[in-house]
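In what comes next, chain A is part of two complexes: it sits with chain B in the first one and with chain C in the second one.
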Partner chain A sequence: MSNFFNLIITDIKISLRKKNESIISILFFLFSILILPLIFQGDQDILKRFLIGIIWFLTLLTIIFSVEKLFENDYEDGILDQIYISGIPLETIFLAKSLSIWIITCLPIIILSPLLLLLFNIQTEKLANIFISLLIGTPILCMIGAVTSALVLGFNKGSSIISLITLPLYIPVLIFGIEASNSEIIFNQIGQEFKILIGYLLIVVAVSPWIGGLALRLKYR
Partner chain B sequence: MSFFEIKKISCIRSNKLLFKNLNFKLNNKELLIIKGANGSGKTTLLKILSGLLKPISGSIIVNKKDMNLLKDEYFKYFEYIGHENAIKSALTVRENLNFYLKIKKDLTKKNFEKAIRIFNLKNLLDVKIENLSSGEKRRVSLSRLILSKSKIWFLDEPTNGLDKINTLNFFKILKQHLQLNGLAIIASHDEIKIKSKNINLSVN
Partner chain C sequence: MTNFKIFKYANPAKFLYLCEKTFIYLVLLTIIFLSFGLYQGFFNSPEDYQQGNLVRIMYVHVPSAWMALMIYSSIAVASCMYLINKHLLANIFCKSASLIGASFTLIAIVTGSIWGKPTWGTWWVWDARITSMLVLFFLYLGHMTIFNFSENTTKSGQAAALLAILGFVNIPIIKFSVDWWNTLHQPASVIKLSGPTIHSSMLTPLLVTALGFFFYFLVVLIIRMRSEITNEKINNLSFTD
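Take a look at the complex of A and B:
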């Protein structure tokens, strides 16, 4: 367990040191949202209708860009080899890397998104909805992205095909994430969309470490 | 019975036969030097010995036990320094060494000061790796050997980028390791003036 946290703490420390690289994905997200009034020419109604969907879509893009080389850099530097021969299971390495990229990339987005809705005068009851739906949905997106990254490393060839094959797995998260963010009440009764998202999260958490570990193991065959 | 033995190891990479039915035995205090031209499979052989790649056939026996039966236990027997330095560029020398001390159970903090002294890293301890020269990075990587309690060293071009003084320092610690019943397998183009067994890999 201590190895798991050591890997996460080291990754977070590195990302804080490489401020330029880690901040760029958050800036991309923020900047894309802030230029929306220009794109919609100040039409508040259209903007309000599409803002949540755009936030989810930009979150997905930010995650895909961030996890692309999640394992490749460590592999090329020889660090992944050393972690592997230290006896840490590849599944643990996979989980630690996925969690660290979620903390680095998604936590700022989860915190910023309700504030952005506030900035655009969206009903305040939706602030909690988007916060909670992103909290449930982003770990799914990160883990699917991490599996893709591990598969790309494991199979030397056909990396673009692997990325395309895993793309449909993100779509249910977008559909139900947007639905959940737009749903009316969540405190009295959990909406169906939230239940589906939670179900998807549990499946991904249970399955992805094994697939990710297996994909990384291909590199060591 | 030798402490470390490989039997009939064969390897094919990218549809190319690198070596076939390779055998050797190594006992305590013995050094094996792998020689060969570029592309002959020296690094691949070291990676196979380290469990980072699988050969198409053959077996590796350490301390009378097959590597495949030992599973993760096998990793405790050796320290591997590859072609890449395996150090994180955004971290300092101290943070890198502490990272490995935390995750690798065969490393001990007891020899931290000794490692720093032998590889002249005292003034570089709080410098980020990205600000070091290639020779200094290699010294950081090699300092793990001093921290290691492992009996076997697998080293891929260990003296790459080292100056004369640090190369001599490395040979000194290699000799000490062998004297203390250690074993070492080194892929190197350099002349190593220590009594050793040799294998030559040829480009097929």
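Take a look at the complex of A and C:
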């Protein structure tokens, strides 16, 4: 267990020090959100209607960008081999990697998104909704992305194709996430969409480490 | 596991022998079923009271959609077998069936939009079933591209098998989510607990055409698998040199 946390902490430290893709991708998210009003020619009504969907879509793209080189960097300079040789199970490595990418990339987005809504003058009751739905939805996106990133690891040009493989798998999260963000919370009663999202999260957390570990193991046969 | 008789044919040589024996019959069956079903469908079945002759596109549209789903399921099963048993033939099956399934999906989408233009008044609707078919097409595309990544068939094959299983687990969820989101398509009318809601004069040609499509799939599959096995042999020869 301490190995697991050590892996996460090292990973976060490395990416903070190296300023690699995962840090850059948050900047990408922020800039693209701030450029948005230009597309709609300053039309406040359209912006209010679609902002939540746009936040979700950009989150999805950001995660794909940051997940692209998730294992590749470590694989190329041999760190992954070293961790594997040290006897830590590949499932643990996979889980630690996907959790660290979630902390680096998604946590800032989750914290920033209610502030962004305030910036665009959206009614305040949606703030909690988008916060919670992003909190539930982004781990799913990270884990699925990590699985596909592990799958194409070691192929030439592998990372270029990752979006084609990953995007179809992201559709349920996108649909339910947007529905959940737009749903109404009535005193302590959470909507069905939230429950479905939570169920999906549980399935993904239970299944993806095994698939991801299997995908990583293919490289060490 | 080894007690199953079917695993006898996991040996490529035996499989090739079986193909040799049955190929001509499969071609004959394809010709018989397709010509009978399509003739019945196009010329001998009643018109729809609302859509008129337009309904005849159903005899191509529906079977190809069924085939698209069936082929993806069979790829998922074969992928499981490949990951567990490491039968080379399962990998070759996945590789060759993927393109056929993708083309069936494309046929279903294109005929559907041709059908949709006069009846719904639009080529394309972001409706539940159309969207999930499109997603299925993208899954096929991803599965096909992963095979082209590396020359090493086993490596790319295992990755593709994992991807196929992942997609197969996700398909019901995608279907459910898109249903939740929006639907306009007519509900299922052939497979139902209370029996089909489609008249037998239309159902018979539909099912016969579906069988014809199935045998056509087998014929193309055998051709592709044969060439893939030959390819594999050539690769092995060049590796030993």
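Here, the second predicted complex is superposed on the first by the 202 of 221 C-alpha atoms of A that agree within 3 Å, B and C clash if a C-alpha of one lies under 4 Å from a C-alpha of the other, contacts with A are read in each partner's own complex, and residues count from 1 in each chain.
As a working rule, a contact is a pair of C-beta atoms (placed from the backbone, for glycine too) under 8 Å apart; a residue touches a chain by one contact, two chains touch by 3 or more.
Predicted model only: the values in this text are computed from it and were never measured.
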Contacts of A:Y84 with chain B and chain C, given as first, second, both or neither: first
First (chain B), second (chain C), both or neither touched by A:L202: neither
First, second, both or neither for A:I39, with chain B first and chain C second: neither
Touched partner set for A:E76, first chain B, second chain C, both or neither: first
Touching both chain C and chain B, counted on chain A across the two superposed complexes: none
Sites on chain B touched by chain A in the complex: 50-54, 72, 75-76, 80, 82-91, 95, 99-100, 102-105, 128
Chain C residues within the chain A interface of the complex: 83, 135, 138-139, 141-142, 145-146, 149-150, 155-156, 158-159, 162-163, 165-167, 169-170, 173-174, 176-178, 180-181
Chain A - residues contacting chain B, complex: 2-3, 6-7, 10, 13-14, 17-18, 76-79, 81-88, 220-221
Residue numbers on chain A that touch chain C, as the complex places them: 144, 147-148, 151-152, 154-158, 161, 164-165, 167-169, 171-172, 175-176, 179, 200, 207, 211, 214-215, 218
